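Paired with subunit B in one complex and with subunit C in the other, subunit A is shared by the two complexes that follow.
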Partner chain A sequence: MSARNRELLALIPASLLVTVGFAAVFIQEDDLISDASLTYGGVFLGLCFVAHLIIRFTLPDADPYLFPLVALLACFGLVMIYRIDETLAREQAQWFVIGLIVFAATILLLRRDYRVLERYRYTIALLGIVLLLLPRVPGIGAQVNGAYLGIDLGPIAFQPAELAKICIIVFLASYLRDTRQMLVQGARRFAGITFPPLKHLGPLLVVWGAAMVLLVFIRDLGSSLMFFGAFLAILYVATDRASFVVIGFSMFAFGAWFFASTVGHVADRIDAWQHPFDDELYDQVGGSYQIAQSLFAQADGGVAGAGFGQALIETPGGGPILPAAQTDLIYALITNELGLAGACGVLVVYLLITERGMRIAMLAQDSFSTLLAAGLSAVFALQVFVIVGGVVKLIPLTGVTLPFISYGGSSIVANFLLVALLLLISDRARREAVGG
Partner chain B sequence: MNKPIFRVYLVVVVLFALLVAWTSRWTVFEAEALRDNAKNRRELLDQQRIDRGPIRDRDGNLIARSVAGPQDTYSRRYPDDPLFPHAVGYSFVDRGQAGLERFYTDALVGDHGEITTLLDQFLARKREGDELRTTLDPGAQRAAIDALAGRKGAVVVMEPDTGKVRVLASVPGYDQNAIRDQDTFEALNGDEENAPLLNRATQALYPPGSTFKVVTAAAALDSGEFTPDSTIDGNSGKEISGVPLANSGGQDFGPITLTTALTNSVNTVWAEVAEDLGKGTMARYMERFGFGVDPPIDLPADEKAPSGEYVEGRVVPATSGAVDVGRMAIGQDKLLVTPLQMATVAATVANDGKRMKPWLMDRIVDPDGRTREDADPEQEARVMSESAARELQQMMGNVVREGTGTAAALQGIEVGGKTGTAEIDPDTDLNQPWFIGFAPLDDPQYAIAVTVERSQGGQGGDTAAPIAQRVLQELLR
Partner chain C sequence: MVEPASVALKFAFLAILYLFLLWVARSALKDLRRETVVAGPSATPRSPVPPPDATGLHSAAQGVGMGGDSPRLVITSVPGHQPGAAYDLTGDCTLGRGDVEIHLEDPFASGRHARLTRQGSVIVLEDLGSTNGTYLNEEPVQGPQPLHPGDRIRIGDSIFTFEDS
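Then we have the complex of A and B:
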């Protein structure tokens, strides 16, 4: 069977899920049954089919499972958001349309050779840094819970970090393709640890510095961790030197510790993380109420969950009992309603997507493609780890989104762009692998 | 570069395993502690979303119902002029629960302890509460409240053979709807003088006075030591436990039968009887009547109190060294009882010696109209033989026919009973008047206990007996 037919078949679980999911919402809130809401499912499946056709005609050899897995998550996320708020689901569906347009445009623009991106690597790097710093620009920057993650342009609110992560990965993949040999060959052993050559340490220190600046400016430990973690992953893949990772991670940990104890907001987040039930922190604005409620919601879910549509999101008075249920805490809501079992299911899908991405990286014939695919997969997996880790109190809670599930336009657009790049790499890699 | 990619992937797998581990921690291992966390209001809020079943009196009138509020929530409403506030209690999210609302909350929210199927969960079937049908009789309850006429006190009526509680009146009452308001609730709670939230029928402890002589008589007859015709010296001033004991008004009766001694409530006779029987026998019969433990009525444990000899706030058995058995036998000493306990004593005599479990629930009906639970009559104890009980019934009949309880007599229906007047403060003439009894005498349908709190100069015969008469009249109408 051809790759594309396998992809088409693999879309069946997603279509089943979206059908059953919406049906469950209808049955539960029978007063909501209307033709308009029933069409959500249909329209969404139509979009998936269109995307499949685009891939079929432009990237016939691309990985057949990546897109169906993404569609599965997107369907699940849409049903989840529909269950929270119908209006949000409509907006989310519109963002999916935009995301798919970006997806198609990326594929069409770069299908001849996506490696042209290397030519613009410094432009892209600059774009990434500008995007990251945009939320601090007075007038358009928006502060949420002390962190600067979003910009507000009147009608559109945007989280530029979502796009910035792709820019930075493209830059790093391209930069490390050139310097990896030198990094390895010039390395010296000192006190039993292999250090990169001083000459090339500079750029790496710059990346470390950028992550620290990120921490200070954006004041968000999670996104810094995500960026720096992805950087270390690419660095390791490029050089195969575990010592570089150890050095890099130690530097990050030191920096994080230093700023956590000096930057007020970061310190507050860490306090809230360690003492979620402290009376003072619990009542404080931006304190531990959110993480405490996240844990209560998960406890309420148990192994099998409270049942779809059963979780408490708002108090009868209208106040949130699970704040930011559609964005930051959507994983807690999933656990609440579908239990440990459902939550694990979602994590497995993310793991499978990462696995496809890593496989693409292994299959790729040139260093840039390998590093790009590995970097994109790593940043994707780390984003999931950072937000879910925050929700389950493994690390301090931060404001990044759960890819394809959380409500939010920038997240959807950026992650579709990421998947488009992975498919482009995959198509070329598999063709070359077959062609010899 | 494939090996490092594989290792990066392994790290991702480990990180995800950590996520699963931590999710398990909250959903499984520490879930219980999180649910019990004081900051966790989910269960409370969840309950608001359940359409609690209604509570009805025995005529089918709604005495508690749920009304739909905003956002799929429900709240409780009670009649504007509630007859049964203490028995029914209340259920409000901010206030908690009391009474039957609390005792039967599982049934009222439709929680039958079954394992819900995955399909149920997935479809999120709405839980509907069952309906609680009570044994409470609105006509008789109204008569009891009217007859108390604002005086603090309590009336309890039971069906002797089934244990069904027809009247559980406690005055003053309160407006259940009003206590949703925090300030009102605190005001009612802080009103120590009137204690309107106290269920005087099941929680209040009063000295029983001479009504307790029925217990002593039961022990005397059933033990075989005495008969209704046994003759004992009824002069006033006899030494009991080394201290002279007086009859009411200091009256000397001379040698009289036990029947006469009950009819005229002669203290010295019953004190001597109890001294003859001994503490062990008295303790045995008190235990059979249900003294010493919480009454087995279907109300929450903190809304009922055990009756008996109280030493330093705790019930002690009659065999305790602190007990003056002679004075206990006539309802003095350290004896404190609830009206429900005394109604149980009357009901046991009326039911030929069998003590039945008191029931407020008649049946529980699910939303489809099927009966889930029925209040089957349950025998708690065989207190005395049928013949002893029959003899005691006749003796109590005499009390109402020609003794201290004539005010409880009904037109054309014979009543059995016993009055009591416990002195609270002889200097200011404050009494606790009592009447316990049953009717009709030859085939008892109802057993009753009436008491009035801190009555100025009131006697069992002139204050409590007329209340019993009005309630029994309403019931036997």
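Then we have the complex of A and C:
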């Protein structure tokens, strides 16, 4: 079976899931079995089919599983958000369509050679940094729970960090492609660990500094960890030196500890993370209320879950029981309604997407493509780690979205852009691998 | 009547999800296994047709049988390339970082760095005025130099071995 036919076949289960999910939600809410869910499934399949045709005609050799896996996640998101609020789901569906348009545009624009991105690397890096700092600009920046992650332009609110992550990865991949040789040379071994020469630690220090500035400026440990982790991943792929990763993480841990004990907002988050059930912290504004409720919701799910539409997200009076259920805590809602089984399924989807991404990196013939694919997969995986880790109280909870599932336009659009880039790299790599 | 339907749908959802994941994971594993087979030298199928492109990169293991009559440039250590792979030198070719026959991803390589030309039965190496020089057995190359089997050519961090049989 050709790669594209396999992709087409794999879209069918994803659409079936939409149908089943919507049917279950309908039954719960209206006490009737309606055929409207079939319409939703059909529309979803239609949209995916259009995207599939675009891939079929422009990137015939691209990885066959990446897009169906993404469609599956989007389907999870649509069902869950529909279950929370019908209007939100309609907006999410619109964003899904816009995401697909961006996806198609990216593929069509960069189809000949995505490596032109390398030529604009400094422009792209600047764009990324500007995007990251936008939320701090007075007037358009919006502070949510103490972190500066979103901007608000009247009708449009979006999280620039989502787009910035792609810009930063493109820049790092092209920058490290040129300098990796320099980083490896002159390394010396001491006590069994290979240390890079001191003068070449410069770039590492600069990026570490940037991550720390980010931590202070946007006050978000999660996105800071996401960016720095992705940087270390690319650096490791580029130089094959585990010492960079060890040194980098120690530096990050030190910096995070330092700011956690000095910056008020970060310290509050850490407290809420360590003692979510503390009475005082629970009642505090921006306290541990969110994380505590998230843990209750997940525990309520059990192994097989409560079923679609069964989780309590609002008290009969209208007060929220599970706050931010459609964005930050959507993973807790999935665990509540589909149980451990459903939540693990979601995590396996992310795992498989990352696996496909790393495979694309391994197949790629030139180092820019390898580094770009590895970096994009790493940042994707880390984003999932940061938000899921936060929701299950492994790390402090932060306001990063769950890719393709959380409600939010910028997240969907940016992640479709990311997947489009991976498919572009994959198409070239697989064609070259087959064609010799 | 609604309650059992709802439960059934939930389990149907989970079942479809897991069957799908199983299918994708299985093909991923199959991909990996296929790759190990191809990578093993003993199982490599020998290409029945010689490569049409004179400098097409292909595995050295593949060229053992049929490449006996043409000189080759074997990759000893080149960033981004598999050691042991080889370029068949059937025509003239240029090495460098630019758009040339043997493309090097080496920060110390110039755009058009060095040139290999065939003169009768010998292959001649010539530096094309590169910034960082070309080294033949660790000696800087000045003027055209004939190559002998086993010679090491170094450009920046990229090292090739010349083979002829």
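Heads up, the rule we're going with is that the second predicted complex is superposed on the first by the 418 of 436 C-alpha atoms of A that agree within 3 Å, B and C clash if a C-alpha of one lies under 4 Å from a C-alpha of the other, contacts with A are read in each partner's own complex, and residues count from 1 in each chain.
In the analysis below, contacts are C-beta pairs under 8 Å (C-beta built on N, C-alpha and C of every residue); 3 or more make two chains touch, one makes a residue touch a chain.
This structure is a prediction, so every number in the text was calculated from the model and none was measured.
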item	value
Partner chain in contact with A:Thr123 - subunit B first, subunit C second, else both or neither	neither
Partner chain(s) touched by A:Gly345 [first = subunit B, second = subunit C, both, neither]	second
First, second, both or neither for A:Thr87, with subunit B first and subunit C second	neither
Contact breadth on subunit A, by residue count: subunit C or subunit B	B
Partner chain(s) touched by A:Leu394 [first = subunit B, second = subunit C, both, neither]	first
Partner chain(s) touched by A:Thr179 [first = subunit B, second = subunit C, both, neither]	second
Partner chain in contact with A:Gly307 - subunit B first, subunit C second, else both or neither	both
First, second, both or neither for A:Ala10, with subunit B first and subunit C second	second
Partner chain in contact with A:Gln274 - subunit B first, subunit C second, else both or neither	neither
Touching partner for A:Glu355 - first (subunit B), second (subunit C), both, neither	both
On subunit A, positions contacted by subunit B and by subunit C	24, 27-28, 304-305, 307-310, 355, 367, 370
Sites on subunit C touched by subunit A in the complex	2, 5-7, 9-14, 16-21, 23-25, 27-28, 31, 51, 56-58, 79-80, 105-108, 156-157
Interface residues, subunit A side, partner subunit B - complex	24, 27-28, 233, 236-238, 240, 277, 282, 292, 295-310, 312, 314-316, 318, 321, 335, 339-340, 343-344, 347, 350-351, 354-355, 358, 361-362, 367, 370-371, 374, 378, 381-382, 384-385, 388-389, 392-394
Touch list for subunit B against partner subunit A, complex	1-9, 11-13, 15-16, 18-20, 22-28, 30-32, 34-35, 37, 39-42, 45-46, 48-49, 69-71, 73, 118, 120-124
Contact footprint of subunit C on subunit A as seen in their complex	6, 10, 13-14, 16-17, 20-21, 23-24, 27-28, 31, 33, 65, 68-69, 72, 177-182, 304-305, 307-310, 337-338, 341-342, 345, 348-349, 352, 355-356, 359, 365-367, 370, 436
